[in-house]
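I have a structure I would like to understand better, so I am pasting it below and will then ask my questions one at a time.
As written, the chain order gives the labels A, B and C, with residue 1 at the start of each chain.
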Amino acid sequence: MMLGIVLVVFLLLQITPGDPVRQIVGLRATQEQLEEVRAEMGLDDHVLVQYGRYVGQLAQGDLGYSYKSKKPVTSMIADRMVVTAWLLTAGVLMTLLISIPAAIAAALYRGKAADQVIRGAGLLGLSMPAFWVGVMLLLLVALPTGWFPPGGFGETFGEHVRSIFLPALTLAIGSSPFIIRSLRASTISVLNSDYVATGRSIGGSRSRLVRRFVLRNAAVSSVTVLALEIGFLLFGAVVIETTFALPGLGQGLVLAARGRDLPAIQGYTLLFAVIVVAVYLLSDIAQAMLDPRVEIES
Amino acid sequence: MRYRAAIALLAVLAMFAAACSSDDSGDTTETTTAGTETTQASETTAAGGGEEDGTLQVVRFESFDGWVLDQAAAWSTYQSHLAVIEPLLRFGADGKSLADGLAEEWSYDPDALTITFKLKEGARFSSGDPVTAEDVAFSLDVWTAGPNFGISFETIVGVTGEGSEVVLELAYPDNTILPLMASSVAGIMPKDFGGMTEDEYYANPIGAGPYKIDEWSTGGRMVFTANEYFYDPERPYYDTVVVDVIADETERQILFDGGEADLVEYLSATAAPRYDAADIYQCTTHATAHIGLNVFNPPFDDPEVRQAIAYAIDYDQVSAALGTDYFEPPSGIMAPNIWNWVPPTKPYYRLDLAKAKDLLAGSSAPDGGSVELVYDSGSDEDTLVAQVLQANLAEIGFDLQLNGLETLAFIDAAWSLESDIAMWTYGAIQPDSADPMNWIMATGWLFSGYEIDTLTEQFFAYAEAETPADQEAVIAQIQDDAIDAAAAIAYAQGSYLHAVNPNLSGFWSAPWGLYYYDTISGS
Amino acid sequence: MTASGYLESTSEPDSPDPSLDSGAIPIDERSIWRRIPMKGKIGGAIVLLYVLVALFAPVIATHDPIEIDPITRLASPTAEHILGTDELGRDIFSRIVYATRIDLPLGFLGAFLPALLGVALGAMAGYFGGWVDSVIMRVSDIVQAFPAYILIIALVFALGQGASSIIFAFTILGWVAYARLVRSEVLRVRGLDYVHAARVAGLSRFRILRVHVFPNVISQAVVYLPSDIVFATLALAAFSFLGLGIPPPTPEWGAMIAEGQPFIRTNWWFATVPGIVIVGLGLGMSLVGETAEEALER
């Protein structure tokens, strides 16, 4: 699986038009210098040889050097990782804070006004582009109140918290509808299930049952869905970091794409793919731990 | 022919709106006679404040090119070189004068073919060693060997001197050498790289400037600390200068608004309205924005078509799009407000659709046609103006295909004349009009491919002219010629901009946007 | 993550995937019309409105959308310019109207082409089985492991900016969910008696696919389309917002929001209104999608 991903990222170099050597040596270089660097980089070698070398470098944690900043891509990633980790963590927390109560309420009052409102809000949340939500939060919250900076990440812990609040909220507004929707459905099925019925028949109170079965189900279910939606969350991070000028991985990717910085794009893309695979794996494990009914496959 | 080869080399010099500076001795045998010309140090703006600790936090948009003086292409690189590897001279704030640097006095004698400098008594490298004529001689060898700017120094055939006196010996009379000594390309390095190998030196260079390097990288943070051996005991006022590269426009602005950055270098005119107008430092009008029409291919091989284009541009609209506070319709193709600059003797192009249509009707492309314009899509200004030009030229039947490219790809396309029109903005890097002349030659008449033989001759005439009036006459002629040729058409002239914390004092910038860190102090 | 992912996640683990047991519903147009709930009609009306705006853009717009007038740039709303003007003095209202001609068809194509490819590949995989199946499924595994939108950024980088690159990237990355759905459906149908009978009767494979399999699977794939159109439209706008989508001066909603963001302090409507327009289309499409989905579940 990872090899397939590496292959796709490697192929980016092959299908990208233009001469990468030209970008590296700059335009003042002579034709001889150009050839020299090309040979040095092994770009004259057979594609398979190049691929082998690329994989070898990756195995050693070498992602190459940015054309633009000439810095190692790994160090660019390291610099930006913290910001994205903050955004995703805060975003996921906020998503859970919004969606678990909303979904359980919708399930408990199925078909009633609360359910309708929550479903309607979910539909709205789904239709709003994250970047626009971000701009609107800046316009309607950050500017009038002055509580939050209009972007950036700040230097201290307190500044980080203030800086990350609106971006995380933006992310949560985009991802909550997914969670609410699936959680509502699974909560309904838990409420209808035999063991809840049994629990009720032997006299368990409704709130205890909700706590005992429903919340546990909610945790399992949201983790699963969030894990499935990690790709969506990461894209949200790309867009939101750009909107709020957060110097994270997503902003790095966009700047690299605008600046046609191929090694940086390869590095970021690979990293995002690794995150997705890792999250899938972790979610399988987490699911197994949270829910004894699920066994880890193989 | 040697000249052409040299120009070709030079021409590959690319990148961020930087003008390069060159000179060539050519095969001229003429000798001119003139009296000894002595220039006095012009007063650099006095900086307020006294000794102080603290950090000046600078934010910029572009990466650093490294410490090899010859390989500077980005504005930010010239900027950092000036702070560490100080040249013999400095430029004055007005852009038309030279000021004292490592040298306190200087004089040019065209008859004796010498330029004489008197070094400051306290001129020392950050290692503590004094600056000597030997260091200058060594530096000259390094400059001359550079593939980009090297030919600029070729008139200099030797360096002599004793004690504090340094004498440059010239092969021919050349007015352009003295101002060149104020450009970062002519930074003074210690003899034999201070005992280091070349690689060691460029990894950790020392110079005699106000700051030494504490930390640097090409794409990341740079930290400069005060050079305790700097010749001026008062300066630098800030102990530390920290420079960060922040690629995102909004992020730069937020850092500035939040007080985390004292200075944002080289704002685009489109970003300027986001800042408090009081925080904007507007340099004297100098930046010259232009298009180059590819004269090798139809329809722009026909001068009448090119002139029609020049009459079809709505210069007021262009300036309005860029913001009339910062840009105005152009006076000519030469970047203004530097040494010996004069406007053309006839008025520059203004919108005149009737004339444009008349010209076009009698030309080889009476119905216009489809042409491609390449521009640097990283520049918001160019992206806007490209759309204005597209609308303007549609009025006379030209369908402009906009092709926004990443900076390097753009320069590749512009330089190789792959498209019909290329868009760029240039400025000088030192106070002499020789600098724009060199840039124009190096870019093949501003990416148009127009012949540069005439300009080359004009350059020699300028370099050897006996009086400033003669030099100005050359510039006026170039300006007039450019109007007739209409190969490169200026569409706006304006200011380089910086955002400067109002609490700073002593900040000033030359028309081309470069400034000195060490004149800045907190209030 | 695609809309199909979103829909998949709604089928909770406890209940079997509705697409697997519902089968094809006999189509009777009149009864369907009667059975369309209110929200389906509202959604349909909204979508129809956008289609009409796109068709009659020249009539509705008050100005040429690319006609510039920098002298009156960034004007406030007036009778002349009902939503003011942008950075080049172009009429914002007219640009929003004309952008419908870009966003609507591209959003549709961005959902339809992946669906087409997915249905074709899924049908092939399911019907032919063997190595065809394993190759297609192998590739779909790799594609699915990627955060699709991130890879689209990388692909658009490699292919060059513009509508065709984006649509191409959408297509080669968005087909997986459809392929899986159709493949499982084909596998199910293939086991049915009448298909066996048809094969015994000597019908060609293609004919069997066309006559017996496609009608069964198409209706299910169609249910995914509306929500995928929402996602494609939002994603297209997002790419343009990031500066990687439709190049200027073509009017596009996402790009307009990006253009307007720097001016939210003074010209708040500039970034706000295009967003509202996107949300409107998203809501309309989502309502249609929900209706279609519920119709299939019934």
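In this section, a contact is a pair of C-beta atoms (placed from the backbone, for glycine too) under 8 Å apart; a residue touches a chain by one contact, two chains touch by 3 or more.
What you are looking at is a predicted structure, and each value in this text was computed from that prediction instead of being measured.
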B-C compared against A-C, more contacting pairs: A-C
Innermost chain, taking as reference the mean of every protein Cα atom displayed: A
Whole-Å gap separating chain A and chain B, where each centre is the average of the chain's CA atoms: 43
Distance from the mean Cα position of chain C to that of chain B, given in whole angstrom: 50
Chain centre separation (chain A, chain C; CA means) in Å: 21
Per-residue multi-chain contacts in chain A, two or more chains: 242, 258, 260
Numbers and ranges of chain C residues touching at least 2 other chains: none
For chain B, residues contacting two or more additional chains: 250
Parts of chain A lying in touch with chain C, wherever the complex brings them together: 1, 4-5, 8-9, 12, 15-17, 123-124, 126-132, 135-136, 138-139, 143, 178, 181-182, 185-186, 189-190, 193, 221, 224-225, 228-232, 234-235, 238-239, 242-243, 253-254, 257-258, 260, 262, 265-266, 268-269, 272-273, 275-277, 280
Chain B-facing residues of chain A, complex: 18, 22-23, 26-30, 66, 68-71, 76, 79, 149-152, 154-155, 242, 245, 247, 251, 255, 258-260
Residues of chain B that touch chain A when the two form their complex: 9, 12-15, 63, 71, 73, 147-148, 217-220, 245-248, 250-251, 254-255, 257-258, 260, 377-378, 406-409, 411-412, 415
Chain C residues within the chain B interface of the complex: 66-71, 73, 87-89, 161, 247-249, 262
Residues of chain C touching chain A in the complex: 1, 5-6, 9-15, 141-142, 145-151, 153-160, 230, 234-235, 237-238, 241-244, 254, 257-258, 260-261, 264-265, 268, 271-272, 274-275, 278-283, 285-287, 290
